[in-house]
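Heads up, there are several structures right after this.
Shared chain: chain A. Partners: chain B in the first complex, chain C in the second.
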Partner chain A sequence: MSRKLAGAFRHLASARARAALSLGVVLAVGSTGTFAYWTDDVTVSGTAFTAGTLDLQVNDLNTVSAYTTLNLATMVPGNSMAGTLVIKNNGNVPLKYTGATAASNTDGKNLAGNLTARVTLGSAGGTSPAMTCGGTLVAGGATTTIGTLTTPKRQLAPNATETICVEVTLPAGAPSTVQAGKTDVTFTFTGTSDLS
Partner chain B sequence: MTLRLERVVWWARQGLLTGGAVLGAVCILAAIAAAAFGLRPLVFLSGSMSPAIETGALGIAHEVPASSLEPGDVVSVPTEGGERVTHRIVSVAMDGDEAELTLRGDANATADADTYRVAHADRVLFDVPLVGYVVGWMVGPVGLFLLGLYAAFLLSVILKQPTQRASAPDPDPTAGHVTATALTLVVLAAAVYAVMPVRVSPTLAAFTDPVAVSGTQLTAALPAPANPLCVKGNGQRVTLSWDVVTGVTYRVYDDGVATAPTAAGTYTTANRDFGQLWVVATRTFSGQQWTSADSTHFTYDRAVCRAA
Partner chain C sequence: MRTRLVGLLVLLLTAAALSVPQQPSLAAHKWQQLMLSRNGHHWKPDLRMPLFKRAVVLVPGQERRRTFYVRNQSESAARLGVTVRVTGSKGLIERPRFWMAVRIRHGRWQRISHTGRNKVAHVRVVKGRMVPVTVRVRLMPRALNRTMDDHFRFVTRVRLTSLKKR
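Take a look at the complex of A and B:
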């Protein structure tokens, strides 16, 4: 019995047997290696670890608290205001950013719900209270209300900047019930690290 | 000299084989366990879950149905771009069997811009720091090349013709060969069965950085008549004037009494001792009337005007 055990152990300890067991590492790593290629549209060799920093800036600031370009104290149906913002990837990794709008309605007159918004890649033209954004439309149209306007993801390489134009309009058909309504409009741009 | 070199090679070979066999056995057992319990290894490519999970960690996740997800769990879910993001659950909104997850990285100031709709998610059970770097390196070009060399070396050992050893005669010279062949088959079968469905997934513990742009304030109002001016006229009359805007109608309030609407930009009072005077603008948009605030109020007293 002990002879048999010793024999079995010797077989297991033989160079061939150990080599066969060692193949387990090769196969395990070999098969997990497929992960680098599991997206068919992106070819990644190995893995890109990111020790970088992500920093999205708007107009060279991390928080813009006094953007008054679009301010209008007397807005009537048909008026529109436009202004540009410079979006910058101030970090050292590529990022994607999205933009979202929000508008307050503290007085209940729903001026916010009647405003429409657009975002373009271009510059602002015209004079107050009839300013518009030129260039390619990124998001929004004639009837996109402010709270629902979100821009699709846009990619920015490190140190790259992009100038976008935001336009806010009170459409000609707005009801007179919004008169004296006041709203604070906020644009929030969110950068997400883009590792693909 | 050659003897010593041979000894070094022999020891290196033995070390490589023994160490490889132990590691290989661990790998096979781990792969079988992963397949049996539905575990998924995750390599963390970035550090937005730090300090809980740092960049380069290898996490082990277990797939669970959406209904058993709770805020505070760290889950790995696919993004719309086909990548994978591993963040902590902020809130769960159930809709039938699916859940709408709001996630946030521990190192992030805000939740992810997108929510994730999932029927099931991989919940992270634990993580081992730095091991992800090793895995990442091994599946990189250099690692795969070295692995190929290693595999070639192993195959050469397995396939080599048995050499007759004079000193220690083997009771059964073919036994080692048989064991090796059997083990190779077992390892291959286990690998195909267990390892194939398990993939190490690179996961983005993606950073988010929000920038708020505030300060924009809009007020819906028809502008009041601009540049109102009150001057002395004939006798005890005074004349109020203002800038005219096309399309706008004006109504003057003389001593509190509304006068007839006019498109003109002036109004002259009757020959009267004193009173109060102001003007408002009205305009029709899509059939609805908008009215401005009052202009500056003026008082007049025997043809002397002053702002009230």
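Take a look at the complex of A and C:
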């Protein structure tokens, strides 16, 4: 076997073999230059696509866990409390938000069913226990109970804020069965990118 | 025996040389036969401005679409290749509720579904023919919050290749 290999290398070293190999190289170079395709390229720059950020905040927070402005421990018929909340679009796309309330009735006295609520675009005035909301009425009224309050969709531009005022009243005609009653009210604000 | 061996070597070398991918010759670099247009009427060697505005912010339910036109102004038919290169995505391009696609002429939409090079089409274009290329991006209405604040960049590359070897 090794004798055969040695013979092959001897043949490669010969002048004829070298000439033939050179011919191969010439053919290779020639073919590369001869059979090229012409091309033309253009790059079209696109852009940066970004999925927007939607972030609704209330009083600069995502969860407000200690909002005690509306608290009143000794409420009697005819009393009302009012407090403001700052709604902010902290994202980079326009949004629409709605607000809704839910109220507990753990003691079964149905205080929540007798508290009326209204929301305005404005500020709170007066002193406890006779506070009221000024400005334009957005939702609620004299017969809307605190547990069923919803605000219509309101649009906010990126970084824009809006101050709303929530007024809660125990009407003068409230039944005596709500005495010593207690309710915890939760406000939920929901933002959406759907502007329809 | 020796003659056969030499012949075989020559044959092998020639075959190897022919099998090497053929690169365009130096003269081909000046072959500018591809013209582009935004409206199909005014033609330039490139679009100059980005296809879309610099930064597009999408929210669920939104769609953006742009069309540009490519023309083969060479003396013969040529092959048009379109590729899209996506960079900088943190995963938006792969999300099922994000959809980006490119269409050549009125063919089917070719989805761009991953970062890197996406080959879109390879079509034959006759001499003088204008071909519309449309890029469409859509964030589905039910896209979840995890699609928020993600982004990517892309460039579209069009290449015209002559069908005749020079």
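One rule holds for everything that comes next: the second predicted complex is superposed on the first by the 143 of 196 C-alpha atoms of A that agree within 3 Å, B and C clash if a C-alpha of one lies under 4 Å from a C-alpha of the other, contacts with A are read in each partner's own complex, and residues count from 1 in each chain.
Keep this in mind: contacts are C-beta pairs under 8 Å (C-beta built on N, C-alpha and C of every residue); 3 or more make two chains touch, one makes a residue touch a chain.
As the structure is a prediction and not an experimental result, all values here were calculated from the model.
Trainee: According to the stated criteria, A:N92 is in contact with first (chain B), second (chain C), both, or neither; which is it?
Mentor: second
Trainee: I'd like to know which partner A:S193 touches here: chain B for first, chain C for second, both or neither.
Mentor: The answer is both, since A:S193 touches chain B and chain C.
Trainee: Looking at the overlay, does A:T183 come into contact with chain B only (first), chain C only (second), both, or neither?
Mentor: first
Trainee: A:T74 contacts which: chain B (first), chain C (second), both, neither?
Mentor: A:T74 contacts chain B only, not chain C.
Trainee: Once the two complexes are aligned on chain A, which partner has more residues of chain A within touching range, chain B or chain C?
Mentor: Per-residue touch count on chain A favours B.
Trainee: Have a look at where A:L54 lands relative to chain B and chain C in the superposition and call it first, second, both or neither.
Mentor: Touch status of A:L54: both partners.
Trainee: Where on chain A do the contacts from chain B and from chain C line up?
Mentor: Shared contact residues on chain A: 11-12, 14, 16-17, 20-21, 23-25, 27-29, 31-36, 38-39, 41, 44-51, 54, 193.
Trainee: Give the list of chain A residues in touch with chain C in this complex.
Mentor: Per the stated touch rule, the residues are 8, 11-12, 14, 16-17, 20-21, 23-25, 27-29, 31-54, 92-93, 193-194.
Trainee: Applying the document's contact rule, which stretches of chain B touch chain A when the two form their complex?
Mentor: 13, 16-18, 20-28, 30-31, 41, 43, 45-48, 55-56, 81-83, 110, 112-113, 132-133, 135-141, 143-144, 147, 150-151, 154-155, 157-158, 160, 171-172, 175-181, 183-184, 187-188, 190-191, 195-196, 198-202, 204, 206-224, 283, 285-286, 288-292
Trainee: Give every residue of chain C touching chain A within the complex, in rising order.
Mentor: Listed in rising order, the residues are 2, 5-7, 9-10, 13-14, 16-18, 20, 22-25, 28, 31-34, 36, 45-47, 50-61, 64, 68, 70, 74, 84, 88, 92, 98, 100, 135, 137, 139, 141, 143, 145, 147-166.
Trainee: Using the touch definition up top, name the residues of chain A that touch chain B in the complex.
Mentor: Listed in rising order, the residues of chain A that touch chain B are 7, 10-12, 14-36, 38-39, 41, 44-51, 54-59, 61-78, 81, 85, 91, 95, 98, 100, 109, 111, 115, 168, 170, 172-176, 178-193, 195-196.
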